[in-house]
Each structure stands twice: as structure tokens, then as C-alpha cells.
Amino acid sequence: MLRVGLLGAGRIGQVHAVNITGNARSTLVAVSDVIEEAAESLAAAYGAQARSSASILGDPSIDAVLIATSTDTHSDLIEAAVISGKAVLCEKPVDLSLERAKACLDKVANTVTPVMIGFNRRFDPSFSSLKAASQRGEIGKSELLSITSFDPAPPPVSYVKVSGGLFRDMMIHDFDMANFLMGTRPVTVRAVGTSIVDPEIGQAGDVDTAVVTMTYDDGRIAVIKNSRRAVYGYDQRVELLGSEGLLQAQNMLENTVVKSTASGVVSAKPTYFFLERYMPAYAAEWEAFVDAALSGAPMPVSLEDGVAALAMAEAATQSARTGQAVEVAYRIQEFPSA
Amino acid sequence: MLRVGLLGAGRIGQVHAVNITGNARSTLVAVSDVIEEAAESLAAAYGAQARSSASILGDPSIDAVLIATSTDTHSDLIEAAVISGKAVLCEKPVDLSLERAKACLDKVANTVTPVMIGFNRRFDPSFSSLKAASQRGEIGKSELLSITSFDPAPPPVSYVKVSGGLFRDMMIHDFDMANFLMGTRPVTVRAVGTSIVDPEIGQAGDVDTAVVTMTYDDGRIAVIKNSRRAVYGYDQRVELLGSEGLLQAQNMLENTVVKSTASGVVSAKPTYFFLERYMPAYAAEWEAFVDAALSGAPMPVSLEDGVAALAMAEAATQSARTGQAVEVAYRIQEFPSA
Amino acid sequence: MLRVGLLGAGRIGQVHAVNITGNARSTLVAVSDVIEEAAESLAAAYGAQARSSASILGDPSIDAVLIATSTDTHSDLIEAAVISGKAVLCEKPVDLSLERAKACLDKVANTVTPVMIGFNRRFDPSFSSLKAASQRGEIGKSELLSITSFDPAPPPVSYVKVSGGLFRDMMIHDFDMANFLMGTRPVTVRAVGTSIVDPEIGQAGDVDTAVVTMTYDDGRIAVIKNSRRAVYGYDQRVELLGSEGLLQAQNMLENTVVKSTASGVVSAKPTYFFLERYMPAYAAEWEAFVDAALSGAPMPVSLEDGVAALAMAEAATQSARTGQAVEVAYRIQEFPSA
Amino acid sequence: MLRVGLLGAGRIGQVHAVNITGNARSTLVAVSDVIEEAAESLAAAYGAQARSSASILGDPSIDAVLIATSTDTHSDLIEAAVISGKAVLCEKPVDLSLERAKACLDKVANTVTPVMIGFNRRFDPSFSSLKAASQRGEIGKSELLSITSFDPAPPPVSYVKVSGGLFRDMMIHDFDMANFLMGTRPVTVRAVGTSIVDPEIGQAGDVDTAVVTMTYDDGRIAVIKNSRRAVYGYDQRVELLGSEGLLQAQNMLENTVVKSTASGVVSAKPTYFFLERYMPAYAAEWEAFVDAALSGAPMPVSLEDGVAALAMAEAATQSARTGQAVEVAYRIQEFPSA
């Protein structure tokens, strides 16, 4: 049984609390939050204790921590947790600063404490099935990857200003998905972006619609499309063309009802947003973390994966600004092909 | 080159004229109609002559006739055409009277002149693919057949009164489809019908919505659903459950556009009615007729098939009236299993 | 907080235990089973006590019981629980004997203790959406209902022998679905059945494939198709044709991956069986029960609903045997149209 | 009645011959080809005469010519036909050389003879429905266009060498589709290409897989994906994201049969290649040409459209070579926004 401390009792922390509690091999021991009432309320609902982060990190009876705090605390908490020998599952991104994230990676590089970054989409049943089919060679050699990833509605401009920008905040999931599905990392990144959804987002220095094209050592190509607004719901699709076929992962719909009338044939919309769409993925992510933490197997998503996605976001941000192709600066020795 | 006379220049005659002309191995020589202007206008459009039916049937240079006249003339014209040695493609049904149809069958039974009944749906690309897949054993042994067949809108009550009723006029296509897909004919028929779409249809002694269940010698079951009204268009679907799977033929849509908005995901409707849906089927039907007429191979849909479907319609009409199961009275010696 | 005793620790009891525990407004207090170890193991997993049914029924601190025992004990347990004043959720069917079920209904008719029958499919997100759309008038007046309900594989013949037969054991869900979607109960039932999947099922006196047609007072028609074997998975679909359109609830698929290769375009299969397909329905069913039990509102599925479905199964069994249409013997005074 | 001369009796010429003959308002008078037998055979099949191009162009009784010859003759024949006052429908591309195409445009710029370029995909029922829906504002303001366009199999390397390259030979259709759907032309083009399908194509100096990103004056973005090989068939899809929704045009399938077995749910493949997929588009294209030629209305696809697509192909070829974004050099005065 894995004894778990949860750092952060916000929306995503609450999702994790359900999964920690519902998993037969883990138990939620303690919850912390900068807002004490939030920690207390969440802890009470699941028979856990509200404590400070420091107290949780210092408690030798706690085996693992789940970091669901604000992004600017992630690196510090990862380092502290690793020092105290606790298995770590940390929400993405590692940090908004690639430098800080690399420093964190350096610091924990030689420890044996397992760290996993919460790229939950890898655990979505459809995306993981697609990857498995690709790995079994069902479409031969992969050649061209396309990722469509649209949010239902743009966040407030106030959020945009502190988000690190679309590439670090939103597309980072898609960069990791590309790494996951291609099994390696791109060498060059080309980005175009526009603030066509909301000009205020442009005035805040960000884009809300973007296309990124990436090339790989072996001649493959990937393209990612992002928009902050798809009024019909969360649009999360992947297509992988290979020498012997095409794999597509399509949207999950709210239900399977189809209505045919004189004005057309109407199906349900995609599930509204990540909480609905990725609920099974969050549960499977936690299951995978528990597996690795209890068995000592390598974490399925590493801290390096987190830093790699951030490096790609950095390159895309730069490319969108300059209009030029940008080579991604991984520190190659640390990022062996996945 | 097959030289063809077309008897009947109405809506369905015009469809056939296009296919006769467009087929590289047939040519439209003459057209007749009770309305002379109709024959003349259609003949002119395709470089043929407007003539009387008698003149066409008496012309030894004409190889084949296509009978697209009113139902009450079908049997007479089939007999006359057979006597004059012309290959015949006759629109369904053979006759509204099963007795008359059987008499027609008796009359031509010992001739070698080939007669084909126009059950066009057998030539629909989806239904014929489904049949081929079933024959290849792709779903093992078939067990349960379901046919959904809805018209977009009910005909005028004046038409209903002379139509012979839903079972003879509309479901006859589905009876033949069942024979085509099951490869044999049912032994009992149970029908329920209602005039829920339009009470006037009920006052005219007919039904507009009906379900027929049929059982077979070998334990299989088929069910046919008909409605005179599906406001979203012509709904023509088939499902065949077998020991190793299910085959479905779904509707053809007007186009492949899908629109996703805040109010749902909208696809195109099914093609509106039989002229749109079965246009490729009519062309393939004609191609099959020309094949058989030129090669001397057996016609793909026989006069017996036409009489069998009529016998099933007769049984269904009786069952709907009495509420009892009815055994179908084929003259077994003449209807070997297809 | 609803304090719950679970009677029956088998497969379906385990499903319910998860939902009782996972629901914020209910808590699992005690578990009983004829196999003591089963009760103990399940109780331990959820922090409950293993006790006898009698002890649970006699415990005034327990508010509600969930009856998930073998069918032959349902009526007795319902009666005992009602006497002890506990809210009841009982798995279907009420009993294999219509007489016994009616007697149970008589016994509890004048009590105020709420009883709900576990027709879980009413709570499936797609079926309940379809019903809601129909009630909003989105397809006008309903006319023709079709239910397709195929199991992935037949049960052992030993089970078939004690199951009460396909109509009582399997189609009973579809009878209830018809009542749910049509909002009333049929007047006549016509059934045909065959044992084409497995002749041993026929030798055991049952059928494995059946079609039932039902007619309603107001001229509507419903048809239900059942097969014990659909090798591609649990096939659970509904279609409702109305004056202004068609509503369909289609299958849920295991995932949304589509693979296109030279040999075709392949999608995932339907979710395998009821545990996968109806997991969300079981949770929603429990939520609805808790709602009603805590608020005192009428139960969403009544004991009368359970008896009505059984009466329809009885009629279908008789019709399949005699080949005749059968009028359903509800005791009309007790079954007002839903 | 439009009297038509057909220049070129190859595969695409044969497609056009069927449509010219089958259209009630046009008649095929004469056919020419560099291979005399080809012209004679095609002419014979449709009751036309085999003649030389010069003779056709010099015949005042011929109203229109359809140019379906090899690409290097297009510009010369357009000019000659315009001089002789015949309406022209010329297959794409205008020329492999942008310079030559522009010179052709200059030459005919001040004549009144109508010239149409054969971008047949604009007339595909799904793409034209999508455009119409967009124009009706059904998805608000368009923001992001995606075009997927994969051929079933790469052409022989010998063809690749003289084709002008993927961007001029294959993606030119997609450039025009972007212009058609966006209603204007892009300002910058970024291309990446690879020869991952067949290294010999790379050795011949071309790519077989490419992604092009285009930006527009008003902030919109378009992305085109091309591959020379999709083993499952001709993959021709379009997606247009707007402020109020998404429009997708999906593939046409060979038929509507769906087979569900223990190994999955299998649908038909997309129609194999352009002759199957775009047959209705070719007929509609010809209908639109006849409309304009007989009525004097502007041609629905202009020579300028042909030159614009070529300019985009030129820019993409250059971008793929240099790795840089390229501004497209239209001569703006001649290319008012469509």
C-alpha cells in the first residue's frame, strides 16, 4: 500500500484525490494547500489529514507525493521530495523556465528516487491504444503525425499573461504526445501563431491559434494544431500515417445518441473539457505511477520527458517570434531517444 | 449490341432510358407510352422512335423490352414479349394479384425467353457487398436478418387506394431483399400494421407502419420494418447477424460534411428517395440484364422471384388482417431454394 | 448519509459495493452472503462488516438494503426489508414466477417503504438522453420502437435451465426499456424464438434468438431482437421513429481508434459486456436511488415496473410456445400508464 | 447546345468525353490526340470525328475546347483557342513554369474569351457544401484551415522527374482548394518535405511527403498535408475551424457496409483514387463550364486562379529547399482577392 501526500488541493488536486483513494494499492494520508481551508475540506472528504507541505515532506511514513501546486513551485518541491526520498508525481510543466527545469533535472539526475511528470494524455485509452498499434507495426513505419488539440474556450487574459504562453501552457501536452507517439524527439521546430480568437491575447504578447511543424532525424514530420477555442467542445485528435496505413484517435462523445430530422443528422458533442475527457486517463496515470513506485520499475514518464517538452515549447515560442526554423536545444547526452 | 424497346415513359422509364443509352452494349430504339407526348419527348431526347407497344413487340429487330408501364399491364406485356421472343426486364411487382402473377408464370414457364424482374435493390453496391460478404462466410452462418425500410413521405391517399397496400407496394422490395440475403424463402409470416402516420390511410384500408417477422425451415428469423414516413429521408438499412459477426449496410448520405457547433455535431441526411439512393443500382441492374441477355446466362432475378415476393406480401396482408401467423403458399416445385 | 446493507457479495454485489462506497451520500455498513468468505472479503475491502442477512434487516441503524442475491430470494427479501422499514433497491427480476411477484407487490402495496427495481439500463447516459429528447418532442410523436440487445456469448446450458428462459432472464431488460421509452405498456405481444446459436439450449426448452413484436393501445408498435451471441461484443442499441425524426442510441466502443489499411477501415469493438457498458449506468442508478431514499421522492423504477416487465416476459414465453399473439395480463388497476 | 472539341484522348480526356456527351446542353464534335488511334477510338465511341488540334481550333462551328493534353502544351493551346474565340476549359496546371503561365495570362488578359482552369475538386459535392456552409456563416468567421490530401500510391520515379515536383503536380490542387475555401490568397508559405516513402523520389530531387503552412493578411492560418502514399486509398479531407464551429469534409467510402466480428468493426475503404472519388465532381465541373459558356457569366475558376496556385507551388518549392518562409509573388494588381 502506497501512502501518499497530496500537495495542492485545487481542481486538479481534487481529481487526483479521488484516484488515490479509489485505487486499492494507495491511500491518501495528508493534503496541503496554501489555502488552509481547501486542504482541510479535501482532507476531510477522504479521511486524510490537512498538514503543511514541509510536514508532509518530512514525514518518513509517507511514501510518495503528488505535486499539484502552482507551476512556480514545481521544481522546488520536486527537489525537496527527492531529497526526502519520496516517489514523486508532479503535474506538468516542470517549470515555465527551461533553465530552472534543467537545473532541477541536474539536481536529481544522480538520485534513485523516481520522478514522474503528469502527462496524463499518454494514459488516455485511445492514445495509448494508438501507440500500441503503432508499436505492433500495424501501420508499418510511421511517417507523418498530426495532432489536433483545441480547447473549448480561451482562458481569461489575466491567466494568459502568467501562463508562459500557448506553447508552454497548452501545446506542451502535444509536444509530449508527439514524443510519446514518435518514440523520439524532433530536431527542428517551425511555428506560426496568431491571436485571431481574441486580440487581447495578442496584446498580452501571446497567440491563441498556432501550427507547429517538426522534423526528425529520420525524415519523419509532425504537425500540431492548437486553438484556444472550439465552441463544440474539447477537440483532441491524433492521426499517424505510416507506410501501411493510418491510425486515428477520434474524440470521445458525450453519449451515443444520433437524432435524424428534416434538418440533418445530429450526434452528441465531444466531452466538454479535460476533466470529462481525461478522467479515465488520470485514473490510469495514477495506476501506472503506483505500479512503478511499488515495483521499482522506471517511471513511464520521466523528468527528462518534462524538460524535453519544455525545450520544444521554448523553440516554438522563439520560432513564432522570429519566423525562422529553430533547432531544439536538448542536452543530448541526457535525452536518449525514448 | 442489345436493341431495346422501352414500354412506359414515366418517371421510372426515364431512369431506365438514361441507363440503356449510357451502356456501351445497349441502344434505345423505341419508346411507347399511353400518353403519346411522353413517348415522343423521351424518344427525341435519346435519338429513339416513339411507337406503340404493339409495334415494338412486333418488331423483330428489337431484342429486348423494358416494361415500365402501370402494374396492371405487367403480366400481359410479359406474356406478349415472351411470345415474341424478346428478353424482358419488367418493373416490380409482377401483378397486384398473386393469382394473375402465378398464371403468368405458368404461361412462360416452359419458354426459353429470359425474363427478369426489376428488384433493383439487389444491385445496390452496399446490399450486394453485404450479400457477397455473407456468402464468403465472413460472419459464419447467418441467423437473424433485420431490414429497415422507411420512405421519406407517404404517398397521396388516392395512390394508396390503388396500390395494393403497403405489403404489396412497398414491402415487396424488402421481401425480395430477404430472399436475396437469406438465399431461401420463409415458411411463416407474422405481420402487425398500423396507420399511425396518417389515419386516412387506415380509412382507406391500408397501414402505413408495419413490422413483419418471418421464420425459416432451418430456424433462422427475419424481421422487416416499414414506415411510409421518415422525415429525414429514405432510410434503407440491413443487418445480418451470424455465428461469427454482424453485417450492416447503412444509409448513403448526401455528402460527407460534418458540422460541429455549440449545438451539436451535424451530418448530412440520407439521400432523399429511391431516385437518388438507387441510381447506381439501376445502372448496375441494367448492366446485369444486358450481361444475361447477351450471354444467355440465367437472369439474376427471375419471374419466380417476383411471384415469391408477391406470395409473401399476400401472406403478410392476411396476417396483419387476422392477427395470426400465416404459412406462405409457394408452389414449392416451382420455387427451388435460390 | 444513507447507511446501506448489501445482501449478496457476488459479481453484481461487488459492482454495487464500489458505487455505494464512492457515493458521497451513502456508506456501506454491512455485507451478507450465503458464502461467508465472500461477504467477509468484500466487507474488508470497503471497511464494512460481514453479517447475516437477518442481522442486517434487523439493524435499525441501517437505512437501506441493496438486494443482489439469487433471484429466488428476491421477493422474500423485499418483503422482509419493507417490513423492517428499509428502503430497497433490488436487482431484477422480482421473481421468476409472475404469481410470486404479484403476491410480493400485493404485500407491499400499502406500505410507504420505497422499493426500487434495478433496471440499470434506464440510467445509461445514451438511453436516458434518448428518452429525454423524445420527451422534449424532438422527434414529434413516437411511432415505432426497435431494441437490439445481443449478449456477447451464451451462458452455460446449466444456467439456462434455471434462468427462467430468455424472455424472463434476458429480454426482461428490453421489456422494461420499451416501457421506459414508450411511457406505457403494450397490450399484445407476439414472439418467435429459435435455438440456432446452440441446439442444446433448445433441448433445455429455451431459445437463444428471438424477436418480439408488441402493439399499443394508441397504434404504436415496438420490436425487440435478442440473441445470446454477438461475437463482436455486447450489442445494445435502440431506435425510436417519430413523426418528426429518428432517435438512435448506438453502441459505446472500447476506444476511438480507427485504423485504415489496405484491408479496410477498422474501429474498436463495442464494450464487451454489461460490466463495461453499464458501469456508468450502475453509478447513476445508485445516485438516483440515494436521491429518492433521502428526499422521499418516488423511486424512479417501481416494484410495479418490475412486475410489468415480468408479465410481458410471461406473455412472450407463451406466444413463442403457441405461435399466437398474447394479450398481456397486467392487473390494470395497479399499473397506471407510466 | 455547346459544340465541343476535345484536345487529348488520354485517361482524363476520356472522363471528359463521357460528361460532354452525357450533358443535355453540350455535344462532342471532334477529338484530337498526338496518338491518332487514341483520338479515333474515342471519337468513334461517342459519334464524334477524329481531327487535328489545328483543324479543331480553326473550325468556326466549334464553340468550346477542352484541353486535356500534356502540361507543356497547355499555355500554347489556351492562347490559340482564345485567339480563335473558343471558350476554354483547360486541365491544371496552366504550366510547370510560373513565368510561362504569367505570360499566357498577360496574353489573354484583355480578351473577352472565357477561360476556365480545371480545378475539379471545387465541384466535389462535399467540398462545395462545406464552402457554402462557411459562406452562410454557419461556423462564424473562419480561422484555421487544414487540408489532408494523400494519394493511394506514388507515381513511377520516371513520372516524378518530369512532374515539376510534388508542390506543382500534386499539392497544386490543395493550394487552389485553400484559395477556394479561404476566399483569398496567402501572403507567406512555409514548407517542409521529405522523401520517406521512396528514397528514389528524393534522389530525383523531389519529396513525397510534405507539410505546408500558410499565413494570411487577416491573421488566419492554413496547413496542407500531402503524402504520395496512403495504402488504404485516396484520402481527401478538409477541416475549417471558425469562431462558431468546425466544418469537416470526410472521405467517400466505397460502400456503406460495416462488418463487426471478434477482431473488430470494419468499414469500407475510401474510394480508391481521383477517378472514383471525383467522378461526380468532373460532371459538375462540366455543368458549371457549360452554364458559364452559354450564359456569358464569369467562369467559376479563372486563369488567374490557375496562375495563383502555381505561384504558391513555386513558393513552397523554394521554402522546402531553403528552409525559410517565402512570401508569395502574385502580381497583386492582377489577382484581386477572390
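Each chain carries a letter (A, B, C and D) given by its place in the written order, and its residues are counted from 1.
We take it that contacts are C-beta pairs under 8 Å (C-beta built on N, C-alpha and C of every residue); 3 or more make two chains touch, one makes a residue touch a chain.
Here the structure is a predicted model, which is why all the values come from computation and not from measurement.
Peer 1: Tell me which chain's centre, taken as the mean of its C-alpha atoms, is farthest from subunit A.
Peer 2: Of all chains, B has its centre farthest from that of subunit A.
Peer 1: Since subunit B and subunit D are copies that touch, is their contact same (over half of the numbers shared) or different (under half)?
Peer 2: same
Peer 1: Could you put a whole-Å number on the gap between the CA centroids of subunit A and subunit D?
Peer 2: 41
Peer 1: So how far apart, in whole Å, are subunit A and subunit B when each is placed at the average of its C-alpha atoms?
Peer 2: 57
Peer 1: Counting only residues that touch at least two other chains, what does the list for subunit B look like?
Peer 2: Expected reply: 230-232, 235, 244-246, 260-262, 268.
Peer 1: Which residues, counting only subunit B, touch subunit A once they are in their complex?
Peer 2: Touch list, subunit B to subunit A: 230-233, 235, 253, 260-262, 264-270.
Peer 1: Considering only the defined contacts, which subunit A positions touch subunit D in the complex?
Peer 2: Subunit A reaches subunit D through residues 143-144, 146, 148, 150, 190, 192, 194-197, 209-211, 213, 215, 218-221, 223, 225, 227, 229-232, 235, 239, 241, 243-246, 323-325.
Peer 1: List the residues on subunit D that touch subunit B in their complex, please.
Peer 2: Subunit D residues touching subunit B: 22, 24, 45, 125-126, 129-130, 133, 138-139, 244-252, 254-262, 268.
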